[in-house]
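Each of the next two complexes has chain A plus one other chain: chain B in the first, chain C in the second.
After this line comes the complex of A and B, so read on.
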């Protein structure tokens, strides 16, 4: 079997277009997931039982169901009801799914701070808002960054599932090209290479962030 | 939501549960054996074995599972390897499981302090004996939570096999979409079945962790 890598060069524009859509899905679903995840993490630690239960129920539900099913719901039910484009539905589904994982990551970071520090801040008369911003968050961010970043690698890879609701991102365009050119080996290898490059960029970003927030001793 | 359609959808979707569970079980068994081999290679003294294990993990954790499935389904036939959709899916899921569980098993093994290896050697234990009696019982406790976490992820990811035409639950759900133009009811049923399955796995894993807890 003769491999023809020229097909990758000829299809490069389309692969780049797919990569761009993958990045759009990734960026906006991480944005939505992070905002929602932060809210869920705070609800989970709230003094109101209803808020804690709601957050716990959300996390159990969205971590117990495959992303594919969440995307089906976002596309066929929510998307049709609200008249969303497939990409908007995809961002909604991926973001709501990511939020459940990010909530747990943020919560783990916050509870990693020694409880004595909460007490000490309170006894110094700091308001909750003040000590969260000045004492707790700066310390928990160090714990959060590694898991948050490795989770974002998972989110990047999971954007490929959007092909199931007709979004022609990198995996989708590769499948189309592979059908029309009958060159699946070359094209899927190229797509895999692009994903590896993107995940490597995230790993490098993680190193930089970890160094930026490291303890200065 | 129309409950009549919900009840009609249940048996149609449930027909795919066998395929879902079989893919999950095969991939978990094959993947775990592979993961164990990979983690031993990673910890071995032979450099080529270490490199192979590192390369394997880097590759199969760096690319989306769906690309692995598409590669097995669309590209392997070009290389003369014709697999049924089911086998292509099991192959992709097994490679994924091996790559992720290898990290879990390795971290379990290295969590045992090296002083214990020296103590075992001083007592004249063979390496195999030491692994079996000292390392594995302690490592399993560390491994269990991330191992079952990955297993639950695997179960959910078997739904991707619909994209390589395996007639599992998600594919049968999509068949209802196109035959009846009903969406919310079959999606609801599919979600409830998966939620039930993952919750059962969560309960089992809590039980296993309890069984392996330190008895003091």
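After this line comes the complex of A and C, so read on.
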């Protein structure tokens, strides 16, 4: 099999355009997922039963449905009703899906802190908001970072599913160009290289954050 | 920042995310070609010359009912099925026979054409939901789709099914004899259904469905399958653009291809058929066939017409 890498050079601008759309999807769906995930995690640990059940129901539902199906609902049902563009629908679907996982990642971080520290904080007269900010969250961050960043990598790669609703991100443009040039191996290899570069950036960010929040000895 | 600001911040961030995402969306997901005002003027002056067309395009312009957006013709394709619809590797433009033909229809009707691209499943679902006026990625108006309620235009070309093979196998019998062969195809395609339905008579060893044409070609290249069940014109395009591939054996199941509309869009279909008939009569279709297929292809008179087809577009 003879490979023609010239096709990658020809299509490089289009691949970069697809990469940019992948980054937009990733950034805004992680933003939405993180904000919603934090709210869900706090609801899940709330003293109010309704909040706990609502959060549990959301997490159960969105972890149980494949991302592709969520995207279809986001575009063809919610997106249609609200008049959202494909990219807006994609961010909504990916963000709502990510929130379910992020909520559990945050909750796992918080419950990993020794319960004695909650009691100690309360016995010192600290309010819940105060000790969560000053005592619990700084410790739970160390547990949250590795799983949160691994989940970020998964979200980055799952943006490739968004091509199904018409978002021509990196995988989408690669598939289209593969068909028009009949050079799929070369183009998919180039796309894989770009994904590796993007995930490397996330991995480096993880290292930096882990060092930033490491216990000082 | 005080804790009471968090809910407000969350709402602002979500709104920011959705608003920001809207920026550039149309550029990234669609290819828009504005119809020139001059074209409208020309179209208005055009009268029907073909025997099949019954009214002038001027009348059709006033009569195109049920457009998704006023003044626009939204034609959804996959951008993934050359030579009907493909993304130009240099410009990123959505091109192909389907695109040029839809653009010519829009120009003639004084409409602005838009060409969003989605996966094939989403193409028909979006059409059913009323997001697009026309779906057009080389769609076969077969019985199953007619029974599903989709509305079809008059045929815009005809094609068939042929075996796509690696270049060394162009002398094989293709679908003349597939006994013991491994056949590949595109999941959910009409061609796949025919192969799966005909398993007993064809006597092939195994069928492997791929997500798309690109993946199927990799499978063929690597010897996962012996041949691919492909649209004849798509297979021909692949053979011309990449000398590692060829076609083999006879074309089977000749059939028409049409624009596809949502259920209940008969009036829209009829208005656009007037423009299609004019384009067939004035040589536009013939020119587009030569541009994209390298030759003239018969255009059946009706979607249910039995092959062989012998009607050619004017100018062929």
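Heads up, the rule we're going with is that the second predicted complex is superposed on the first by the 217 of 217 C-alpha atoms of A that agree within 3 Å, B and C clash if a C-alpha of one lies under 4 Å from a C-alpha of the other, contacts with A are read in each partner's own complex, and residues count from 1 in each chain.
Rule of thumb we're sticking to: a residue touches a chain if its C-beta (ideal position, glycine included) is under 8 Å from a C-beta of that chain, and two chains touch if they have at least 3 such contacts.
The shown structure was predicted, so the numbers you read here are calculated from the model rather than taken from an experiment.
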item: Room on chain A for both chain B and chain C (clash or fit); value: clash
item: Partner chain(s) touched by A:61 [first = chain B, second = chain C, both, neither]; value: first
item: Touched partner set for A:129, first chain B, second chain C, both or neither; value: second
item: Contacts of A:72 with chain B and chain C, given as first, second, both or neither; value: both
item: In the superposition, chain B vs chain C on chain A residues touched; value: C
item: Which superposed partner A:98 touches (first chain B, second chain C, both, neither); value: neither
item: Chain B versus chain C as contact partner of A:43, first or second or both or neither; value: neither
item: Contacts of A:80 with chain B and chain C, given as first, second, both or neither; value: both
item: Which superposed partner A:191 touches (first chain B, second chain C, both, neither); value: first
item: Partner chain(s) touched by A:2 [first = chain B, second = chain C, both, neither]; value: second
item: First (chain B), second (chain C), both or neither touched by A:171; value: first
item: Contacts on chain A seen with chain B and repeated with chain C across the two complexes; value: 1, 72, 76, 80, 163-164, 175, 178-179, 182, 184-185, 188
item: Contacting residues of chain B [partner chain A, same complex]; value: 59, 62-67, 70-71, 74-75, 78-80, 156-157, 159-160, 162-163, 170, 173, 177, 183-184, 187, 190-191, 194-195, 198-199, 202
item: Chain A residues touching chain B - in the complex, by the definition given at the top; value: 1, 60-61, 63-69, 72-73, 76-77, 80, 157-161, 163-164, 171, 174-175, 178-179, 182, 184-185, 188-189, 191-192, 195-196, 199-200
item: Chain C-facing residues of chain A, complex; value: 1-2, 7, 10-11, 13-14, 17, 21, 24-25, 28, 31-32, 35-36, 39, 72, 75-76, 80, 84-88, 90-92, 95, 129, 163-168, 172-173, 175-185, 188
item: Chain A-touching residues of chain C, taken from the complex the two chains share; value: 3, 10, 13-14, 17-18, 20-22, 25-26, 28-29, 76, 78-82, 86-90, 92, 116-119, 121-122, 125-126, 129, 131, 212-215, 217-218, 221, 238, 241-242, 244-245
